[in-house]
Amino acid sequence: METLMLITNFNNRRCDLELKSCLLTAVTCAHWFCLVFCESSLSARSAEGTMRGTSTNMRLKLPITCFILEIILIILFCALVEYDKETDAKQWHNSSDHNYQNEFYYRYPSFQDVHVMIFIGFGFLMTFLQRYGFSSVGFNFLIAAFALQWATLMQGFFHGMHGGRIHVGVESMINADFCTGAVLISFGAVLGKTSPVQLLIMAMFEVTLFAVNEFVVLSVVGAKDAGGSMTIHTFGAYFGLMVTRILYRPNLDKSKHKNSSVYHSDLFAMIGTLYLWMFWPSFNSAITAHGDDQHRTALNTYYSLAACTLATYGLSSLTAHDGKLDMVHIQNAALAGGVAAGTAGEMMLTPFGSMIVGFLAGVISVLGYKYLSPILEDKLKIQDTCGVHNLHGMPGVLGAIVGAVTAALASVDTYGSGMEDVFPDVASGEIQAFSQGVRQIIALAVTLGIALVGGLIVGFILKLPIFGAPPDTICYEDSIYWEVPEEEEGHGNQLTAVRVSEETKKLNA
Amino acid sequence: METLMLITNFNNRRCDLELKSCLLTAVTCAHWFCLVFCESSLSARSAEGTMRGTSTNMRLKLPITCFILEIILIILFCALVEYDKETDAKQWHNSSDHNYQNEFYYRYPSFQDVHVMIFIGFGFLMTFLQRYGFSSVGFNFLIAAFALQWATLMQGFFHGMHGGRIHVGVESMINADFCTGAVLISFGAVLGKTSPVQLLIMAMFEVTLFAVNEFVVLSVVGAKDAGGSMTIHTFGAYFGLMVTRILYRPNLDKSKHKNSSVYHSDLFAMIGTLYLWMFWPSFNSAITAHGDDQHRTALNTYYSLAACTLATYGLSSLTAHDGKLDMVHIQNAALAGGVAAGTAGEMMLTPFGSMIVGFLAGVISVLGYKYLSPILEDKLKIQDTCGVHNLHGMPGVLGAIVGAVTAALASVDTYGSGMEDVFPDVASGEIQAFSQGVRQIIALAVTLGIALVGGLIVGFILKLPIFGAPPDTICYEDSIYWEVPEEEEGHGNQLTAVRVSEETKKLNA
Amino acid sequence: METLMLITNFNNRRCDLELKSCLLTAVTCAHWFCLVFCESSLSARSAEGTMRGTSTNMRLKLPITCFILEIILIILFCALVEYDKETDAKQWHNSSDHNYQNEFYYRYPSFQDVHVMIFIGFGFLMTFLQRYGFSSVGFNFLIAAFALQWATLMQGFFHGMHGGRIHVGVESMINADFCTGAVLISFGAVLGKTSPVQLLIMAMFEVTLFAVNEFVVLSVVGAKDAGGSMTIHTFGAYFGLMVTRILYRPNLDKSKHKNSSVYHSDLFAMIGTLYLWMFWPSFNSAITAHGDDQHRTALNTYYSLAACTLATYGLSSLTAHDGKLDMVHIQNAALAGGVAAGTAGEMMLTPFGSMIVGFLAGVISVLGYKYLSPILEDKLKIQDTCGVHNLHGMPGVLGAIVGAVTAALASVDTYGSGMEDVFPDVASGEIQAFSQGVRQIIALAVTLGIALVGGLIVGFILKLPIFGAPPDTICYEDSIYWEVPEEEEGHGNQLTAVRVSEETKKLNA
């Protein structure tokens, strides 16, 4: 909550009295929330006495968290948010723009594609676990619905203020979904090992840090990152990896038999994979400049993904047992081409350049899943459930480097007067193209720094034993937080199912 | 069929001779259809002798219904329907509009989102039942494909006639899909308890009544309802509730064990939920005025849904057993925010206003599922399979009231010259804003009246024992109307499966 | 590879020296590829000795194929492909077009719908087999990702060259996806009986022949075929049927028990069906002329599909056992209306004309599944797994004939100055409308000829025992090419599973 106050102070001068009183109410709510929350946790703890000092019963924790967060959001939206010119009846009709020029028609289809990626793409990609489908889709839904509201505020604070008010429209919707994407990447790292309350708390902090990092990278450093190789993928991955490192569970192998897929769960996951793959061109091009820029970004991403897919299939077959394809690679590594084209996608990367980038991304991603992930888990104690390091981390860094190189090589000869859209500071003569490349590298370093330090701090916050995290023995299991249909619970390994439900009963006391 | 004739008479003066003869053919077809249909039913009945006086064998009933309905549709389309200016080669090229100004580019992406909601959204939302997935998706597909054609005619009769001809284009496609949505809501109330023939007959009457109600609400009363809180959701829900009340089955508990979900069926249902959730902003904004109106409607709906989701998760955990989340709530109540923003979405509801509306909708929806549905079933004998009262009924009424209040508070100060788009009669000075609010309330009353009376009548029609409704013992079961893969039939409860297939065999004699 | 060289020669004059050296490298790569490939196959064969002279182990074959193909693609893209005016920063900014006029905004939403059809639609439509879901979705993904890159080159060679360079943008993306569609149709015919290497080889040749046929039909003959009834559906279907005829497996009944669906696999397939159904209006209208043409095509397809669905349900119930609906018909025949509206969709077919076409398409498609497919298999030895003859073959021919008739009946009275968009040669007075009809029929004949002869040749190439095709006993089975989760392998028929895995082990030696 301190972060919230800090940011509020940051904009204090512009806030009028009414706003101040609203915020006061919000902060009071937040304090009350913390008090009630801790008390409920303490009483729950004393009630059960044993069980690792924690209860996974969400009866009070989750409702309190949801309601207080939503009430704070409503109060802050009331105080701070208003329609932008394109959505306000009066302002739009006062302007001389024709209805057909409304931003809605040039951004909304892209927004809907991004929206599908966030809710169906990320949600179903994580349903590969045999008994964690409800949580994968359901918690993804919950934290995304929260994060996009909170992101509207946080991103507004940092780069959307107009006379003390945050303006919203389709661009803010896309940006909020982007920020949500970073949170969902981090969710992938801790998948199966966290309670919904932990995830909401993580989302709250991560969105804030995301907005700070985005502000530094784009506005202070002056880097370009339309598709978010750095701000979304690198940030989300390394933040999540640090959180999962801090939340390291030495006895996680007790849940090992559930940390795998079954036949149908892998098919559900392919729904997520394919939606991410198909709509990634829309993702990378959603907020680039109108005209050739959006068009070119979509095209580059399309080629990068296609090349990445062939690399993934080839390498999966080469490295896997008996030459058989591994679903984990197909579901994940085939997407690395979209991540890696995030920064350079809007630049004059050329189609074959995009294909090379995609090919490399697919190669490092499969190699990561095959050889690096086991090392990270054994040596560095990073339990990365979805392998976000291979899908978002390394390809994100690759994308940042490709972006830096492409920027450094930019010339008026290639870009013409289109240089203004892509590199405005180079076009205005303020800096050289090479300096733009340096900026991109600085942006990568800043992103890594903020992600790792932020993940460290947030990891320790999430370690507080009041958020109802599951014990090591019942990770990757829906029945701890969801009412699961009974007849299916006994399906498969009968013994396990019985043990689980007994243990769960105790925990939910 | 009388309704059809009535409407035809209504437009009689404008119809030329050719048209009259066509309609005559259509009505003759319809008569022939009724005769053949009844005969086939009677012969089927006598053939089997016993079995509750009804046969679920669709061999003659369904083909006859489908073919006759489609032939009538083709004849009426031939007589009445033509391309509008935007789709007709000659007219479009005669106009001075540039190709880029064609309505196609400003409505079609929204149409496609609505289309996905109708076929994937509604279809998969209802697959939650363990053995009713084929019927949920399949009957949804069938009645939607019929309803959208029939709706084109019915809506055309009432508000799309140009010189005796119905003009079609992307707007008529969206409106037809909207009308189809209302039918599918009613389908949700009777899910698992009706034959496909009953559903087609219900769709035929409901579409007609929908068009009448829409005409009265929008053109006679002069209310606004772009997203259909009243015309679609309230109408569809209360119509369906009344139909299911009339079709009350006192011995439905014999099929009770099948009226529940299994693990994977709940995941399939989440596909439906998420598509409805993601594309609801497109639904509410699909036919609002161009420019700021469409943009604002999408934005308001987006915030309403996000707030609704947090309310749903919080309240589901608070009310459910052991603090665990209930999939029924997540699948349904999280959507109530879209329903409730249907009327006021295009107005200057403000972002935080939308969030409050969504929050309230989520709360009443979860409470409805938890506490009201059992009461409705026990006391009022309303067996509402999908709980459409909680998802569409109450949130629809809430949306109507919110719309009335927002309309009553409208001022030129807020809307500027945008008032013309949203409240043309207020803008022209014909009425005061307060009167617009009164209109909205009258529209709600009219909608409830037509829905309930219409549902009553149609319910009794559907009760006729000639449509092949399933017996109480084999409700919620695909195998009665579908060839179901054999090896899976024995899966799970062997005894049940065997009993079912024997009973089914008798019925299908 | 000869084909490739041939085409290269075709454009030789325009290629500069740099290009020549690039192509030389590519061809060298290809040669090296063939050598290594054959050697690896031979060594694999000798290693195992027995087992029908073939090994299904993909360890070397698939990686080599993927990597070499992608490297060739990158080299050719480097030599030949560049951004078109709409995607190039310099050229776009040099033109006087406003950003909002960029083609991106008028084609990209359609492109995304087509993209969903290719990857989700085709992919999931084929998941109906009980143990072939990974391969259906996964191989669909692989060959589509390859085919769209290769199609960009092949289509560019034949009708996208500008000064020796292929120009790419959203139109080339749509065209590449279209060509990919034809390959996936052929994939449907051989589904379950081919290795991924065979499929890639088939895709390579089929894309080339597709581009040749498309060039002949559209540019030489001068026919119109915007939605591809001929170029995509008829071509893809008859090509695939001929390939599967050549690859005839007399002992395929040994895998018969796996050539069927289970409950959940049919639901997954419905995802594919519905996405194809919903987005078909976008498919047919994606590359028609702007304005009324795109609008009208979408509208016609929409009505055709709706009518087709009613015909399908009616006839499925009429022909199937006990009047029950057959999922195979619903999943496939309901789509025939989109196929049949592919050629005439952009013409003034009228709404009721579209409905008649759709109705007929549904009827012939269901009758084909019910009565023709068994005959084709028994008498003509055509083992057509997905029944592409019924979904794409016959409806495609119907669509071609409807297109010819509609074209022959075109008059200035109906089209006005819109004639220029639809039939430019008729509008310019070069030919009569009747001659356009004749052209359409010639185009159909050409398409059938090239498809059948091409399929014959490619079938024999695929029969070479070096591509790792599965033996007759383990067709329709994922575990031969995929790591399948273990606990599910024993699910269902224990005996079968054990036999399979032992046999698989031997093969993968």
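Every chain is named by a letter (A, B and C) in the order it is written, and numbering of its residues begins at 1.
Assume contacts are C-beta pairs under 8 Å (C-beta built on N, C-alpha and C of every residue); 3 or more make two chains touch, one makes a residue touch a chain.
The UniProt protein names, listed by chain, are A, B, C = Rh family B glycoprotein.
This is a predicted model, so every value here is computed, not measured.
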*Rotation angle, chain B onto chain C: superpose the C-alpha atoms of these two copies and give the value as a multiple of 5 degrees.*
120
*Pick same or different for copies chain A and chain C, depending on whether their interface residues overlap by over half.*
different
*Can you check how far apart chain A and chain C are, centre to centre, with Cα atoms defining each centre and the answer in Å?*
35
*asked:* Counting only residues that touch at least two other chains, what does the list for chain C look like?
replied: 105, 109, 264, 271
*Okay, in this complex, where on chain B does chain A touch?*
101, 105-106, 109, 113, 130, 260-264, 266-267, 270-271, 274-275, 277-279, 282, 289-296, 298-299, 302-303, 305-307, 309-311, 313-315, 317-318, 320-327, 330, 334, 348, 350-352, 355-356, 359, 414-419, 421-422, 492-493
*Give every residue of chain A touching chain B within the complex, in rising order.*
57-67, 69-70, 73-74, 77-78, 81-83, 86-94, 99-100, 102-105, 108-109, 112, 115-116, 119-120, 123-124, 127, 133-134, 137-138, 141-142, 145-146, 148-149, 168-170, 173, 196, 264, 268, 271, 481-485, 487-488, 491, 508
